[in-house]
């Protein structure tokens, strides 16, 4: 099921079977001067069905949105064999939006077979890239909020703290936080967004502009190819130093507190941490995500035990502190099996809705058990 | 026992895109916007330095380690990492890379001067670094310090009796040698390529410890002629793109290019 | 001008190839009016085989039990002083750069390493070498007295030397002052020089397919190599890497399958007469750097392509 079925230039939509790789779809629509606007790091291998099932988001989401904003129509199959086709319309108010039973289900209630996504005109020639350094992450969060609340819509709005930034920007910003913006779209819109952001940044003397070439080069090398992944694997095996991430979302009023407390607690409570940092990569008028990036040395620990010594304890701190402060434990990485431990806290009083959806559509529990909701084995 | 490991910071050339290729200063490539990394052969040497000084199998070598580099401010971050990893001395000779990229003599004379003031039993460095590609510094240090050179080292360890054993390669063949000290080791495609990583706590402890700065005497050496010109190679062959695919493409290429091609000597 | 060329004898099974390389190198310099003599060095006992080969001109030979550049440089420097050589050119080998720089330091000569092109120009020698991970060509002029070591040397088209072979074996060096003992750990299975090279990159999807291409190449007398990431992922030995950290080849035909074409790899095939690449990505660097390309999945092409190469080989 890997065919692109239709590229509709009039209605600005593309329809693809679930097995179409996003990069193949993107390359196909680019021939028409169009883009899906969806660019997660997994683009070369992620398939359309999976991207919808995981509520994925891409690197240009601040302009184009996440998959939930891109999905126009979808066909899916339920465990009882029912094939449901949700038609692609610009918007409707015909009951609750049932696309959201499909979006993010992670294969726990249905199997997506066909996807229709929106398209945008592609204007690479009008892209503008901006970078700034500053000392404090907290200042960066406030400035990011100012830009989003003012109404500007860059495609990329990122904020790196000094520790996470070390891995990316130490050649020009050692010990500093870095803010990156990319604007795109029609010329007047892209330029107006860029000028608006520049004007706000200029008001903040704590921010210093960075030469565009530095940011452009960094962005061009952000996503790894297969060769780079192999180098990384070799490096991990040689050094026993492992990188992992946990990314969350939070309203503006909570994000600084979450950042501070998670940083403090993980560094104090978890052994062998070599780097603990964070960056924000998806911004909204009502908050942002925080992508915690951490490295640890695996010391005196079998591979089977690593999850209990490092992985889960770190996730526990981040997920619990985030939920306590009013945020969400997963912005776009999904629940999978590794965050089921906190699904009750995440949804609170709304959890019954999720359980009833599962019970209604998959009463026999055959669809991806143990994902999103914990899999309980009844004691006899 | 004293061990000196020399390293050089290089730009990460994997991150240079085709469209960004630009000659700088007539004799180099513009790489100031690229992230830095420790030259891979030197990085192996730095990790070997730590492994040699670790207690192993009843042996407790008492090794005072020095990490030594010539470069700019960007080197400081790496020296602090090495401090956090246990290098007792971290030495920076401040110099712009343009001044010594094609002057392995200058580099070797600087190292030799430091060794003259701070005698070392084992001197370790990578066999070459990408920018200058001189592949000469270890040899010159060997001659200037009067210590014999062991080339293409891919592994190093102390034996139970305290002698140094090295594994070397020679055009694909691998040998193990025990060597007398003092010695200069030139590191090749080593069995380990990555330096271990210090913990955050180790880094915090060393954050404010002083680095050492060394100012060498002015030197000159005419052994390596400076380049007259630098040219970005044009490797394009104006390739023919077969308009076909599969078997038809093979027939197309076979007919146009391959037939008879192996005939001449 | 009098020149000493230095050639590494890499095992007695490679001595015939070494003789061809020595004749070719000497022939090139003789075409510029140089008088050439040569020096062979190696670890195995090779004198008996060497004397039966077709080397050119006056050839000294020396065996060294201990693998090390220092004793080789020590012995050659005595030869250079005695022979009054204006220049020394060392053929590519793992110790070439080490020997070159040691010689230059001992004898106070000018030196250039990693040289891929050498052109005498009356006043000196114009040398070209690569830097910045093989992304920049540097041009130098070096004047006598000099020492040059070669790497990835470009093809020589002048006639090989026809000078009458005179063999001068020198004393075998069995001892070392600072290498206390030596034992062999492994010997590389060296590939001979084939007219066809198959190079596999990360686009080849499985370890089994890499093994298939390796075996196919071996069975049909082709050379085989991989890009470094393929070796790092454990699908090939590091010794099978092509490029700056591995082997360089100069085949008549090089076929690349699923290779992107990074400079560090490309220098390993740059001297190929004809490069044919198969890749699904039309924008991959290797496509522009090839003489011909097929934009397709290698699986759709390689069966017929490899068979056609075997047929070509069979016509030789």
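A, B and C label the chains in the order they appear, each numbered from 1.
Simple rule for what comes next: contacts are C-beta pairs under 8 Å (C-beta built on N, C-alpha and C of every residue); 3 or more make two chains touch, one makes a residue touch a chain.
Which chain is which protein? Per UniProt: B = Electron transfer flavoprotein subunit beta/FixA family protein; C = FAD-binding protein.
All values derive from a computational prediction rather than experimental measurement.
If you draw each protein chain as a dot and join the dots that touch, every dot ends up joined to every other dot. Each chain gets a centre from the mean of its Cα atoms; the one farthest from the centre of chain B is A. Measuring from the average of all protein CA coordinates, the nearest chain centre is that of B. Mean C-alpha positions place chain A and chain C (FAD-binding protein) at a centre distance of 49 Å.
Centroids of chain A and chain B (each the mean of its C-alpha atoms) stand 38 Å apart. Centre-to-centre, using mean CA coordinates, chain B is 22 Å away from chain C (FAD-binding protein). Under the contact definition stated at the top, the residues of chain C (FAD-binding protein) that touch 2 or more other chains are 262.
Residues of chain A found to touch two or more other chains are 234. Residue positions of chain B touching 2 or more other chains: 14.
Considering their complex, residues 166, 168-172, 174, 211, 213-214, 217-218, 220-221, 228, 234-235, 238-241, 267, 272-276, 295, 297 of chain A touch chain B.
For chain C (FAD-binding protein) in complex with chain A, the touching residues are 202, 227-229, 232-233, 260, 262. Interface of chain C (FAD-binding protein) with chain B (complex): residues 8, 10, 43, 66-70, 93-95, 97-98, 101-102, 104-106, 109-114, 129-143, 149, 177-188, 190, 195-196, 238-239, 245, 252-253, 262-263, 266, 270, 273-277, 282, 285, 287-296, 300-301, 304-305, 308-309, 312-313, 315-316. By the touch criterion given at the top, residues 14-15, 17, 20, 33-36, 74, 77, 192-201 of chain B touch chain A in their complex. Every residue of chain A that touches chain C (FAD-binding protein) in the complex is listed here, in rising order: 225-227, 230-231, 233-234.
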